[in-house]
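Got some structures for you, see below.
Two complexes follow with subunit A in common, the first pairing it with subunit B and the second with subunit C.
Take a look at the complex of A and B:
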């Protein structure tokens, strides 16, 4: 994987996630912003976000994947989605 | 595997009236229903559950809710426990705990604390590594209003992970050293569901009792669990309304005053129309929320709040209407409408009071409209 390929995928993913967060919370977070400490992710929104990610990217986020570190920022969520999509592609191929 | 409501009816029989007055459901009834998968019907078949979809599970909850809100409350907490394990547990925890919850073992869930009802910032319970080389975890805190703790084999405890800010849920056996359960006497409603104060004094559990290893966002833990609870309570309220509608209609059709059945009196007929309207509204708002869950809509958690809020307020009003129709014939503890009158009120207080639900709905409106 080249940096350019990896970068393109996560860039567009980060853009989509930022757009979703902006639309649903009324504030536009930066890619590294801590969404919990800055109050972007409210009590109700946390679950909405998980449901949205699962539906939008056809992944299942359960068990240890639900650790706070995976949801802390747009960048962390983007990495989570990419990793889980990779895992599911892999399991289908296998 | 489908759920046979006939088998449930046979097990429950005319028990609910006596359960209400004694404040206790025979635990073997709960274990049998648990073993049938009735108490957490959405657990997938691969884990030993009935694998009901949200609609079938909802209708089942309403069916039980019409018979007995105390029993339905036990269903609600067992279902929340199962939903929490299903979402946050790792592969082995899912297999182990969901197997237990569908084979007769009973669970309750512990959220509320003296300093934290709906306010997560007030949570003081801690789930932390023992740091003594054992790999165990220690659970300490005080929980209030814990439904069904007196029947439960395990308590799913929600708290801060270490010193926070992330959270964790741990499955704590009720017979573990350091667990103290103090039943609150004489509750107004859902008497046989029981509720208790639960004190956890450095309760030691193995690391594998902490779901997914802990460290999840606290709001995610709570909202996942509460959303299941809200759907369950909402369907239960639809059930309360069905029970009330059936009792009021039967009474109004047969009881005569002034030479005709009271149903022919227009003011009584209006009560029946209003009860029917409430039951239909509650059912439809539950179905709407179930559809949102089924399709993975991002507003599903809000739809669950809406369903709970609408169904609980209609159940409270509808139960009062049913008591009005039956008058002295329903004015005894244990009677289906007398139970409904007290039980429905509890539904306006739990899983987010009517006022908290309204705040959530108003926030949703301000964010999205």
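Take a look at the complex of A and C:
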């Protein structure tokens, strides 16, 4: 189920994340839309979102990385995934 | 405080020669002994849910349960020809209960073994024990609350809600609005405490510390001007959800110390936890104080970590934390960390109406004199 091998381009990442959110929330967000401003993202969904990103992209999101800013929009999540994937590849190489 | 009993939250009944005497498909006629009927009624009154896992024709068996006058006592009947371990899992998943809170009763050793093999945490009982179940400690909650006596009704209303949600094609937010949710936050009184004590016992996913506060612990704080004990109830157009949350706050000059925040798993998908937390943050902002929430990681409460982090709490140090209790001053605080937030105003929720008191030491009591 992992789409993450060798890193993922930001366009396809944003597409996948948009599809996931559309399926789970019933509305299609734009890449920059603030997902939290309306308070519709429940604690349960927030956790599902975190676990989904971890499983799908083989990353771990812990501590300060769990900040809302990293999940505020499709674009922010895409950037988070790429950053954490990069960090992991770096540490494996070194 | 931590060796609280693991109560059974749902008992799953086999039918043939367990709930009733006889085998429906072979004997045609089956009999419900009075002792079994008494057990069903007693457990129901204690707020223990009851379900069915039976290998039978669904309509035939359900018709018989109805004729015997007990069908209304059961939720999520699983009557068919699949493995009972699968039925038990289906029931646990739909109720969002951990396996260790499920019990299973069946006269067939092979059926009990099959369930135990797949779900070792499920407690299995032989049919001959049926009449004694109400006397066992795991079926004996210390207090039976208003909510417990109508728990079955609340779950059945919940299933109607779920069915409506599944047939609703618009965005989730619109669905939530259509429920006409009202959250009431209020200072706890004596009667509320037994309802919320049960909540801290029954709720593990949504307890930020895993610490169990007893009836006596909470009751002792009701009149304390340094503390605020709040209960949260939720209602919608399908009816009441009952007491769904408890919040224990310690007042300090520069910071409010959030010692306990437990919300029911039943209302998580309505965003109740986030809305409650946002309300508290707004109150702290209005009072000009920071918030410090106790947090201790357990193997079930990652949702709370995410909820705090997403609400803006961090593990950064702050001067305001120096006056708060630590593991050094109170050994029971071992392993508990602070999650800290400089509170700012929060948007009003769009999916729920909230009624709540104004928080702050000065308004919570007339006794005012501070140590």
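The rule we apply is simple: the second predicted complex is superposed on the first by the 83 of 94 C-alpha atoms of A that agree within 3 Å, B and C clash if a C-alpha of one lies under 4 Å from a C-alpha of the other, contacts with A are read in each partner's own complex, and residues count from 1 in each chain.
Criterion: a contact is a pair of C-beta atoms (placed from the backbone, for glycine too) under 8 Å apart; a residue touches a chain by one contact, two chains touch by 3 or more.
Here the structure is a predicted model, which is why all the values come from computation and not from measurement.
Overlap between subunit B and subunit C is detected when the two structures are superposed via subunit A.
By the touch criterion defined above, A:27 lies against subunit C but remains apart from subunit B after alignment on the C-alpha atoms of chain A. Counting the residues of subunit A that each partner touches, subunit B and subunit C differ, and the larger count belongs to B. Of the two partner chains placed by the overlay, subunit B and subunit C both lie in contact with A:64.
After overlaying the two complexes on the shared chain, residue contacts for A:75 are found with neither subunit B nor subunit C. Of the two partner chains placed by superposition, only subunit B is touched by A:55; subunit C is not. In the superposed three-chain arrangement, subunit C is struck by just one stretch of subunit B from 4-12, 112-120 or 292-300, namely 112-120. In the superposition on chain A, subunit A positions 25-26, 36-37, 41-47, 50, 63-64, 66-68, 71 are in contact with subunit B in one complex as well as with subunit C in the other. Contact residues on subunit A toward subunit C in their complex (touch as defined above): 25-27, 36-47, 50, 63-64, 66-68, 71. Within the complex formed with subunit A, the subunit B residues making contact are 86-91, 93-94, 120, 165-167, 211-213, 215-217, 219-220, 222-224, 227, 295-302, 305, 360, 363-364, 367-368. Put simply, subunit C touches subunit A in their complex at residues 169-173, 175-176, 206, 268-275, 278, 302-307, 309-312, 314-315, 347, 349-351. Of all residues in subunit A, those touching subunit B in their complex are 24-26, 36-37, 41-52, 54-55, 62-69, 71.
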